[in-house]
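Listed next: structures, encoded as structure tokens.
Both complexes shown next keep chain A, but they swap its partner, so chain B is in the first and chain C is in the second.
Here is the complex of A and B:
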């Protein structure tokens, strides 16, 4: 990389690093979150086990569904179900005007903050959950409910690539929410619309392959599938190598589309920015 | 002024103040509806795929879900004062002022706010209830209505009790602890499926420790004719027992209250 290129990126890298440090402070919230994740995951696993006992012919196996649930609990905070609370506050107070004074591209700035947020929280929360689901459950003798290792070496590598795309995609959705927050002068309306959509359509609520077959073409191609469903199906081996590469491409396409959309919205909003406060 | 009239006055004031922002009230309620209906969508999806769950059909589970949801929506609307107790009363020292007034603290906290936005959750609970009633083909006799009305009453008592215990913890922690959310929101999550699906220890927990099963699973089973034992219809009484214990814990907490002095 040329010297000039790395200079251009420096502020954004610094933003990611600084936000990461701030977010790691919230330890108590993380512990409360961990208890909730265990409870939710446990209920989902027991319910799915009971459902699978009744009938065969589901498009995924029970162990795959269980892995899917635990991964979902571990990586729950990657989901962009709300925008940046600081941006919402700046919009409320009118401080958002100062963001325009920075010698930075506002979209890239907010996107970087979102990247940090969608990485720091899961980094803190994923490990205890994965250890509990993968190791502790086996130790206490509940192997049937435990999280298994990835489906293979190829699946592991593709999973890591897919998670990287999850972060890019999640940050793109977050930044779009931020832009819409500025446009509507409040984070309320956008969050109310987006968060139920994200929770249902990412597979966080119910693994997407378990939805009715006639919905599958829609579910597979919508952007939110790339937030959870894609990496989890790769991890569990529900998506074979060929399909996995295709799914990664779909994730990448949605990243590009949503970043472009976010930039367009941001440019329009900022060209006639309204600020509140005084 | 007697207690009931005073409570009525509190609630009337709360409603009047919330009506000052009708647009906010409506959007927040719609938001609550959208956010809570997702759980029902999840149950629908699983039944569309698997048809049955431990012998339960979709309509039957929908009724169970409706009963739990309606109870929690009502409890959550009534007990806002306990929900925000840590931040709004202990941290600020405002609880001192509550204590010097010649009325019980419980009454004042219950009168703190009647949250109208909970109508969103209530509406989706009622929707699920309606779907369940339609699909499960229950005979809607006065007796079955009475059983479910008692179930909802017991549910309101139970969920209010949980929120009261959560508020009591704030006497020691100052902040409201999110851990209790596991029991409230996690409780509805657990209570919306028939107890048959859970491991034995967890089932016992949901019957004997935090009796969510008593306010939903047993009475709904009676109404659906899945069990023939009438005593199960009285199981929601344990919701009131839980509330009684919660009130004792609350009183104990109040006695140990030290003001933050701010």
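Here is the complex of A and C:
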């Protein structure tokens, strides 16, 4: 074999590309998901509007909260609230043995799959949602409930950087879920535990700034805030530039911590792997 | 020099035993399962080893340790100078493996897409890949299958593709764990032909587990029987037969009714109408003498001497060692 060895990342890039291509085929699911997310987004916007009308001195403005909700609906599938169904299936059937046969770092291999998963689904779903919330609502005359443009040029750039970190962080959580799935021989337990945590603590259910003040220091520093709250507050201008850079650093630190944790779990799990079916 | 060295390999699994009752989960007990107990053997480059034994005997555990998937509890093992589980990534790049009951192909995608991904995963250079693929397509007759989604393939077609998938990076050692399971006669023959070509013409070392003794008969010069985690026999199929069941079988078709019938040194196994099957020990009663004897006394239409079927030999061997599936 010649002409190889120069591209250490080739296999992992190939895995991302291949998975991405497969996931793009699930168009019907994307349409169904889109409808659901419009519906939930509408409900959330209405609830928040009522909430803001009834209270004064909120930690974010109503338009910020509305942007936060629509972005959350658009990027909902970036959230790592479950593991890779293929990993769960492989654990059930014993095909996981084949994963260990590949000359790849299994953690990086599964991380790559997670990256594909956390980008392919949003790639299908984000644009229609953003168009609906940003353009269609204006066209039909509901400008007050529509998604606005980012808070500024700096906010836009920082938002893009933060979304890149969301992908890294989300894939790290997904890969950790996958490793725990192998450890417990089922994805059920892990998913039941992780998915409410992710949905609440990312700000997907209720924007994190709306939680009580005394909870804010905890909410801000926990890893799941980096999945939604950080980029959305940057986008809406709720986080000023200085705070935004700090928040990006916090996201990055959690990526490193969760990757290391995932690697430790994976190494332990694989060293005492017991595959189904002998 | 040996390519595969296994010394005193031991694997013990701890299996959780659930107890009944409301608080059964609080009293979880662990049971130890000795999958392999001090297994030792060596294999030269280019050898073909058939690994047989009842379900749960330790065949798959052995293969999985050699593939680097499982870590043994103790013992030494090297494949081509590498310790599989310790240098897993370097090791698996040099071996191929097929698990008959599993799939490594993407269910929804054409076969060619899975192959292309494996090419990238194994970092096979484009020219090498082309050559390997062309060769595999020709040997396994895959031309029409490449563009078919995996879920539309028959089991036999899929298995040919699985085997091709394991050879795209041209490994020097191939592990086949029950590659013919569930296949029809034609597909089995295709798999056997291919494995034979790989082993005889290309010198690929092969370790094969199977429950189909015809696989072993067709392919393996060397057979190892594993039972209860230990090696019970290691040699040629002929020597196993010689140890277990030396008798031969003689089927005689008579031309006329023969009435009471008895030949010294033989036992009647079946008798229906004009045909009789006898068993005899060729060391005491040579076949030619037996046939001459019968032909002299009766009007014989046809005779046929055979060895007992290999399945029967192996079943006897298992029975002797009190092996049954766990």
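Please note the rule applied: the second predicted complex is superposed on the first by the 271 of 278 C-alpha atoms of A that agree within 3 Å, B and C clash if a C-alpha of one lies under 4 Å from a C-alpha of the other, contacts with A are read in each partner's own complex, and residues count from 1 in each chain.
Definition applied: a contact is a pair of C-beta atoms (placed from the backbone, for glycine too) under 8 Å apart; a residue touches a chain by one contact, two chains touch by 3 or more.
Values in this document were obtained by computation on a predicted structure and should not be read as measured data.
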Room on chain A for both chain B and chain C (clash or fit): fit
Chain B versus chain C as contact partner of A:141, first or second or both or neither: neither
Spatial angle chain C-chain A-chain B, Cα centroids [nearest 10 degrees]: 90
Touched partner set for A:217, first chain B, second chain C, both or neither: neither
First (chain B), second (chain C), both or neither touched by A:242: neither
Which superposed partner A:43 touches (first chain B, second chain C, both, neither): first
Which superposed partner A:273 touches (first chain B, second chain C, both, neither): second
Touched partner set for A:105, first chain B, second chain C, both or neither: second
Which of chain B and chain C A:94 touches, first, second, both or neither: second
Least C-alpha distance (whole Å) that remains between chain C and chain B when both complexes are overlaid: 9
Contact residues of chain A, present in both the chain B and the chain C interface: none
Chain C-touching residues of chain A, taken from the complex the two chains share: 1-5, 7, 10-11, 13-15, 18, 22, 25, 93-95, 97-98, 100-105, 271-275, 277-278
Chain A to chain B touching residues, read off their complex: 29, 32-33, 35-36, 39-40, 42-43, 46-55, 58, 188-189, 191-193, 195-196, 199-200, 205-206, 210-212
Of all residues in chain C, those that touch chain A in their complex: 13, 55-56, 60-61, 64, 67-71, 85, 88-90, 92-93, 95, 97, 99, 101-104, 106, 108-109, 113, 116-117, 120-125, 127-128
For the chain B and chain A complex, residues of the former touching the latter: 24, 27-28, 30-31, 34-35, 37-39, 41-42, 45-46, 48-54, 177-179, 181-182, 185-186, 189-190, 193, 196-199, 202
